[in-house]
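For clarity, chains are labelled A, B and C in written order, and residue numbers in each chain start from 1.
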Amino acid sequence: MKKVLFATTALIATAGMAAADVKISGYGRFGLDYNDANDRAVNGISKTTITSRLRLQFDMSTETDSGVAFGARFRAQAESRDNTPGGATFNGARFFVGYQGISVYVGNIIGAIENTPGMYLETRTAGTGIDGAGFVSLVSNVNGEYFNWDAYSSAGAGANGVEVLYSTGGFTGHISYSTDNGPTNVDRVAGMVSYKFGDWRVAVSAQSSDIAWEDKVVASVSGNIGNFGVRLAYADNDGIGKFGLYGNMDIGSASNILVWVTDEDAVSAADVANGRNDNRDGVAGSNNQEGTSYGIHYHYDLGGGASFETGYRKASNDNDTFQAGVYFSF
Amino acid sequence: MKKVLFATTALIATAGMAAADVKISGYGRFGLDYNDANDRAVNGISKTTITSRLRLQFDMSTETDSGVAFGARFRAQAESRDNTPGGATFNGARFFVGYQGISVYVGNIIGAIENTPGMYLETRTAGTGIDGAGFVSLVSNVNGEYFNWDAYSSAGAGANGVEVLYSTGGFTGHISYSTDNGPTNVDRVAGMVSYKFGDWRVAVSAQSSDIAWEDKVVASVSGNIGNFGVRLAYADNDGIGKFGLYGNMDIGSASNILVWVTDEDAVSAADVANGRNDNRDGVAGSNNQEGTSYGIHYHYDLGGGASFETGYRKASNDNDTFQAGVYFSF
Amino acid sequence: MKKVLFATTALIATAGMAAADVKISGYGRFGLDYNDANDRAVNGISKTTITSRLRLQFDMSTETDSGVAFGARFRAQAESRDNTPGGATFNGARFFVGYQGISVYVGNIIGAIENTPGMYLETRTAGTGIDGAGFVSLVSNVNGEYFNWDAYSSAGAGANGVEVLYSTGGFTGHISYSTDNGPTNVDRVAGMVSYKFGDWRVAVSAQSSDIAWEDKVVASVSGNIGNFGVRLAYADNDGIGKFGLYGNMDIGSASNILVWVTDEDAVSAADVANGRNDNRDGVAGSNNQEGTSYGIHYHYDLGGGASFETGYRKASNDNDTFQAGVYFSF
């Protein structure tokens, strides 16, 4: 009595179906994570643990008689990090309306900063290794201030905002807005523009937030030179500058190797005096991330949507992680 | 590797499938909600917020060799009201057994009051506007006592009851029962009968509950006169009478406009002396809903299962809401 | 706009689909549970309550070019026991890699003890009645120590372990391992071997755990003699021996009747002196399960994946349960 959903571009066309569809997709990834910040004797967590994620995604869509597209996305995602496994609930819903090049998203929005081309790594995990390894590689993540912008939440309710995207030719523009309830209603406004010409793309984005230290500007240039992909990114994170240089290369038909290095400014004494956090791990002054982080990632395509992924990275605070595992999409 | 589920009455027939099925359906709706009860300076919520819901529903069914139908329903539903977004879990399961005109439901039951024809508005949202606007239009919702009957819960566990429905010709009968654990086990018993003749339908239902002020009787008459739909409803909510008059009219091929007005009795002094709540918003005596509420709703069909929905209502406590948005089913 | 997923071995073959699939399956079961441990006047729960479960399962799978299978499983399951209904979230994910006879599972693993053939009853519910009736019939469940081994969790995160299974001919071997975080990291290691020859199967499994009283050895012999199925099982649960004898018989083409009896040793005085729990229900010494439990279960196939299930069991602590209901898979 098993039911099977199948990949069916062909079948849909032949069958002449109604406009309204539900697509089910997702991915699984699992492997081992060596993290020298863990120590069974110190924090109870082995240095090497299972890291895993299973994502199940439902995309609903329909189209009106006049060609306006309506849709929504729902995601359930279970993870294990540091040997702490969990189940999953559906995240906050994202809705969209699209007509020709214009799309409006409502609810659990993408966010203009999050959508900046050339910010995440060119890997299946968008970071180093099998689970991203903390996404130290992003120029928008700095000391004590990680992921402090509106971004689609896979496991939570998200920003509950509104955003407009416009694409034409190689150009994409994106403006996003969200606000919180409460006595000190917090607004976040962000914008992004990117342009693709030939094998190259440039992008600039900025966020203005009512929360301290969240204003930021991100810029990137990326392109391909034959088998080589190169990218330069920079962000001014409310006074903390961070540069990133990224390169990847295809090896044969199934392999890709990627290397990256970032350099991050110190938190200024003036900012610390104004209450800015100058550490990432909870002890004031103990762990300033000023300086150089770097990593290397290797991908091997196994066919059928599956691949082997492995990566090592050293953060500027000397934290080492090494991960290896498999990733498959469905 | 995307999977697509498609609308397939045709394919099912052709393919001659096994009896056991899983159907996936649902809807999305999102829009703006102006509510003058909100005020950023007072309760931290802007007067105008996003209101949204994404519902994903799984219906399982099979049929025995002797023609008895078995099935179950599961629903996951994410909402945002008053700028408070949420994710979703699956609700309590509802099971059914059906044979010819008789159906037995177990678990997260519908409830006989809830199932009364002519109680909810004739709109896609079953209320005014894009999220129902509090369902003031229901004669069974009165001052301080909203939704105090057994009803299918889309986001919770539900009543965990048992009910029997019987339909033959235009007649439908419905009896539901649930009980709670605990020292003061609470039973709710409800019954409903409705009869449809030509374009008209009459319905009467009643609930007897061990919880104070939950006994109620609901009655409705509804019908169509050409393009016009008319309806009269009344409920005696344990002493608080509420009348409702409803009318809707098709305009052209894609539009419908609906208006409604209700009139609610005051809470009697004797009931207040016996501890009955005489307000809806938490301050004793401050907000008695005695009097007239009214609303207007406009629907425009966009095709492909999508529509534009907008509505205004004024409750008897002077609360104004105006909503506009889109609704699409899949 | 309803979508239908259908049973499609045929369609998959014809359509020549991509390797990556999502299968949806599951079951519903509901019925009445008479349990003499409940008493509305004592614990607020009626002696007879609704017992129900709805399980919805997603199985994802793909295959690499070299024939290695990758996959994952996700399950959402809502239950009502003792008139306490609930909704459902997705459980912890289980991942697998398989190649020829070898399978590796990661995350919410099965567990080698759990996977021992001849441990659960030969019923659709794997226990007595419609919800298993506490699974007293398992020789691995003894006084105060139920389900104290690594096992796939349908509603929780599971063991977050790793396991390897190997099958060839009638032989299956299974080794599982999990560990917990925390100052007293708890390891559980278990192994199982089983061998099937003709109509007979033998199995032995053992668990070594860092938690007190969790070491155990389970053994079973099972087979068929015409229409009769017979089974003998034994477990040494860290000093508490428990025997089980099980027999079932087909009656006609649609019915099966099963009977079982178990005999459990007392908790030794030495163990109690060392802090071992000698009761099941929370009162020290009040409810030692030493002695004989027994049960009877009747199954009637209704066709279409549906069946009628009923069972009675008496536990050695004199707890009686009687259940009857329906079960259908999809």
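Assume contacts are C-beta pairs under 8 Å (C-beta built on N, C-alpha and C of every residue); 3 or more make two chains touch, one makes a residue touch a chain.
By chain, with names taken from UniProt: A, B, C = Outer membrane protein OmpU.
This is a predicted model, so every value here is computed, not measured.
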{"item": "When chain A (Outer membrane protein OmpU) is superposed on chain C (Outer membrane protein OmpU) by its C-alpha atoms, the rotation angle in degrees, nearest 5", "value": "120"}
{"item": "Copy pair chain B (Outer membrane protein OmpU), chain C (Outer membrane protein OmpU): interface residue numbering same or different (half cut)", "value": "different"}
{"item": "Mean-CA-position distance for chain C (Outer membrane protein OmpU) and chain B (Outer membrane protein OmpU) (Å)", "value": "39"}
{"item": "Residues of chain C (Outer membrane protein OmpU) whose C-beta touches two or more other chains", "value": "1, 3, 5-8, 11, 18, 20-22, 24, 62, 89, 305, 329-330"}
{"item": "Chain A (Outer membrane protein OmpU) residues within the chain C (Outer membrane protein OmpU) interface of the complex", "value": "1-8, 10-11, 18, 20-22, 24, 26, 28, 30, 40, 44-46, 50, 52-54, 56, 62, 76, 78, 80, 82-89, 302-306, 326, 328-330"}
{"item": "List of chain A (Outer membrane protein OmpU) residues in touch with chain B (Outer membrane protein OmpU) within their complex", "value": "1, 3, 5-9, 11-12, 15, 17-25, 58-66, 68, 70-72, 74, 89-93, 95, 97, 106-108, 155-158, 160, 162, 179-183, 185, 305, 329-330"}
